[in-house]
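Worksheet: one structure, shown below.
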Amino acid sequence: MKKVFNNAKEALSGLLKDDIFIAAGGFGLCGIPELLLNAIKESKVKNLTFASNNAGVDDFGIGILLQTKQVRKMISSYVGENAEFMRQYLSGELELEFNPQGTLAERMRAGGSGIPAFYTKTGVGTIIADGKEHKDFDGETYIMEKGLVADLSIVKAWKADETGNLVFRKTARNFNPPAAMCGKVCVAEVEEIVPTGSLDPDLIHLPGIYVHRLIQGDHEKRIEQRTLREVK
Amino acid sequence: MAWDRNQMAARAAHELQDGWYVNLGIGIPTLVSNYIPKGIEVTLQSENGMLGMGPFPTEQELDSDLINAGKQTITELPQTSYFDSAQSFGMIRGGKIAMAILGAMEVSEAGDLANWMIPGKLVKGMGGAMDLVAGVGRVVVVMDHTNKHGDSKILKECTLPLTGKAVVNRIITNLGVLDVVDGGLKIVETADGVTKEELIESTKAKIVS
Amino acid sequence: MAWDRNQMAARAAHELQDGWYVNLGIGIPTLVSNYIPKGIEVTLQSENGMLGMGPFPTEQELDSDLINAGKQTITELPQTSYFDSAQSFGMIRGGKIAMAILGAMEVSEAGDLANWMIPGKLVKGMGGAMDLVAGVGRVVVVMDHTNKHGDSKILKECTLPLTGKAVVNRIITNLGVLDVVDGGLKIVETADGVTKEELIESTKAKIVS
Amino acid sequence: MKKVFNNAKEALSGLLKDDIFIAAGGFGLCGIPELLLNAIKESKVKNLTFASNNAGVDDFGIGILLQTKQVRKMISSYVGENAEFMRQYLSGELELEFNPQGTLAERMRAGGSGIPAFYTKTGVGTIIADGKEHKDFDGETYIMEKGLVADLSIVKAWKADETGNLVFRKTARNFNPPAAMCGKVCVAEVEEIVPTGSLDPDLIHLPGIYVHRLIQGDHEKRIEQRTLREVK
């Protein structure tokens, strides 16, 4: 069962359709599956729903799919950096479901872990709680949030072996593991595929069982806010 | 007269206790890390998935895989650990973070916090703010006492959509420090050159003693 | 006449598909790993927290930190990964494990499975069995067709406390292979030297065709 | 804030009382906090409730606390290896709450993650579901299970740095991370404490935020079932 594909287009072959629900890893522009997003753009599938913490910027990340109007709905916690997003949202072209960041991450982890719903204090007493089931535990009120199961997950890791075991680097890990878990199929792009057996089994961040297809490629890894300290 | 941003941050830094894991919001709260008292070791969490956040990088240290929750490039420290966002918010919701220091648009006398949206204006999203105020051990708000129109940001009830209900423990403003207690707000101290009466005058919420 | 333990394991091994992640229970299911067909790559999960379970160790390889879910010492393989038990059962409940091959005390015609306790007898616990049967993609039971008294272990309804309700997809016994389908059990094949009639005769459950 | 203590007794000082609820890591005899269990035995505290996947054997692991009758209740998935356990259980001296193994692990992870309850398919239609809330999601029935929060967690890791960042080894990881998460206080014992900065920040299994106290010590690491293959 070969998981390694030649490029993003081949890795997504047969998986893309209009109207599907895609979970994407990444936080801001850090650790985003840029090659797979480009291939989705080129595929021209439309009416996509994305669960992704952010929506990229106008010309990078999920932003490129907003430019081409391939996205119908976003489930995100913060979309502030994307002007085209805001235009489409305010004009009613784009549906937006705000999830608190931790709730979004946990919904992905739950959906991938056979947990259809869980309770959290996050959002109690706010508009996020509207219409959600409330329940008290030990005198405190919680709301029920549902697990997310995506048709497809796209994630970015640093290294993989040929069986799909993934290793991430620094804060580029972020939403990638929970996003990978919640997909019925998960495609991962990495900077380097190493031979199976060259990763330490104790130091694998995401076991290959979650990863169905795999590509290696060059990444731009754009920096959103280049913030430096003065060196005296 | 009153505290400036750095004085507010310095005052907020006195909330820190040795060994605490702390989350600092953007704006004035970020400045708090410049005033951590000597002998106090605190570990800063970045909710995208890091404990032990270091300072901004030099040109040489710049790393696109290393950013904070404000998407700024940062550095790591000897005690740093990385983890995924589900784990990160697990520790937030689970009360493992002792304190969050956050900015605010409005705080009510019941400790309600509004800091994420203004109806009719561009809504960027709540990010991790709702999780933080619901989950961490203690929430300290640092903000200007009044808005640009001179109106109190401390109110009987928030007018803006809430980030959390009854979540704020302490408010530090340019005019002083107030605690959310049973029945209202209690003045803990006033800023340099500010009288108790001036603080009360500027506050549109019930002050209890 | 009929299959022995190894033949049952060999038959069960034909359930495996290339690329699958599989969990094997103790007893006959463990033997399945000896009969994995050529050209088929399967990865074995050990639910305490490992994918890519290797064979038992040599004296030199023996490692007290490396055991399987049956608490036996084992070895790792090039593709092995380790993780904690919460993650391990996350992948089980989440349907990431394609198939579990398990032993049973009783299976009902509706696919109910009983394999963890006999009232009045020493109860050791269900371990991970309830999670496995509820979560994995496909549950295959491998067991003797009858108990030591010669009574069918395949029943209209289980008499023992259940491990899972309507969870079994296929039953492989010394007498043959049955699928749980709408309305009852369907004979897939009979063991060497066993007639369909003998299989039906030995089965105290509804057989549909 | 110094986390490193000299020995198990000192590390548990002030934390042990009669009637407390302790979550313990380990699976079988693998990765169990043997030094801390010994110190609990010596402390003579009693009426303890333990959440632990197993109960050890008669003279190792939690079994040693059964010998001294310090345990009132066990929350476990499998207790088959312990004769004294069975004697006390059958005589009514010891209370036993069976949890499916995955439910137990998830209850610990949930309790440590601010999730008071979650839904699972595990155990539906069995005696485990008796008295638990049932709820349907997408046409399937699930039961509600509650998060566990322990007064104290005791865990065993391979290495730690001085800030409590933990690294585990092979299958000795098992229940240790979720057990550590669910304790109001967590004490960890490790084979080696290394200077802070010598662990790779990307390769820490459990961040130090979950670990309040720490000791280094020699471990017996007993093997329960020594199973060898024949070498031809």
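We just call them A, B, C and D in the order they show up, numbering each chain from 1.
In the analysis below, a contact is a pair of C-beta atoms (placed from the backbone, for glycine too) under 8 Å apart; a residue touches a chain by one contact, two chains touch by 3 or more.
Only a predicted model underlies this, so the values are computations on that prediction, with no experimental measurement involved.
Interface comparison, B-D versus C-D: the pair with the greater number of contacting C-beta pairs is C-D. A centroid comparison over C-alpha atoms places C as the chain most distant from chain B.
Between the Cα centres of chain B and chain D there is a gap of 35 Å. Chain centres here are Cα means. That of chain A falls 32 Å from that of chain D.
In this assembly, the C-alpha centroid of chain A lies 28 Å from the C-alpha centroid of chain B. For chain D, residues that reach two or more other chains under the stated contact definition are 106, 109, 113-115, 120-121, 168-170, 173, 201-202. Across the assembly, chain B contributes 76, 82-83, 89-90, 92-93, 134-135 as residues in contact with two or more other chains. If you sketch which chains touch which, the pattern fits none of the simple shapes: not an open path, not a single ring, not a star, and not all-to-all. In summary, the structure contains touching chain pairs A-B, A-C, A-D, B-D, C-D. The part of chain B that touches chain A in the complex is made up of residues 46-50, 55-59, 62-68, 70-74, 76, 82-86, 88-90, 92-93, 112, 122-131, 134-135, 161-166.
The touching residues of chain A, when paired with chain B in their complex, are 27-31, 53, 76-81, 86, 98, 100-103, 105-106, 108-109, 120-128, 158, 168-178, 205, 221-229, 231. Against chain A, the residues of chain D that register as touching in their complex are 106, 110, 113-121, 135, 137-138, 140, 142, 146, 167-170, 173, 201-203.
Per the touch definition, chain A reaches chain C in the complex via residues 1, 109, 111-115, 161, 163, 165, 181, 196-197, 201-202, 204, 207-210.
On the chain B side of its complex with chain D, the touching residues are 18-19, 21, 41, 43, 45, 51-52, 76, 78-83, 87, 89-97, 134-135.
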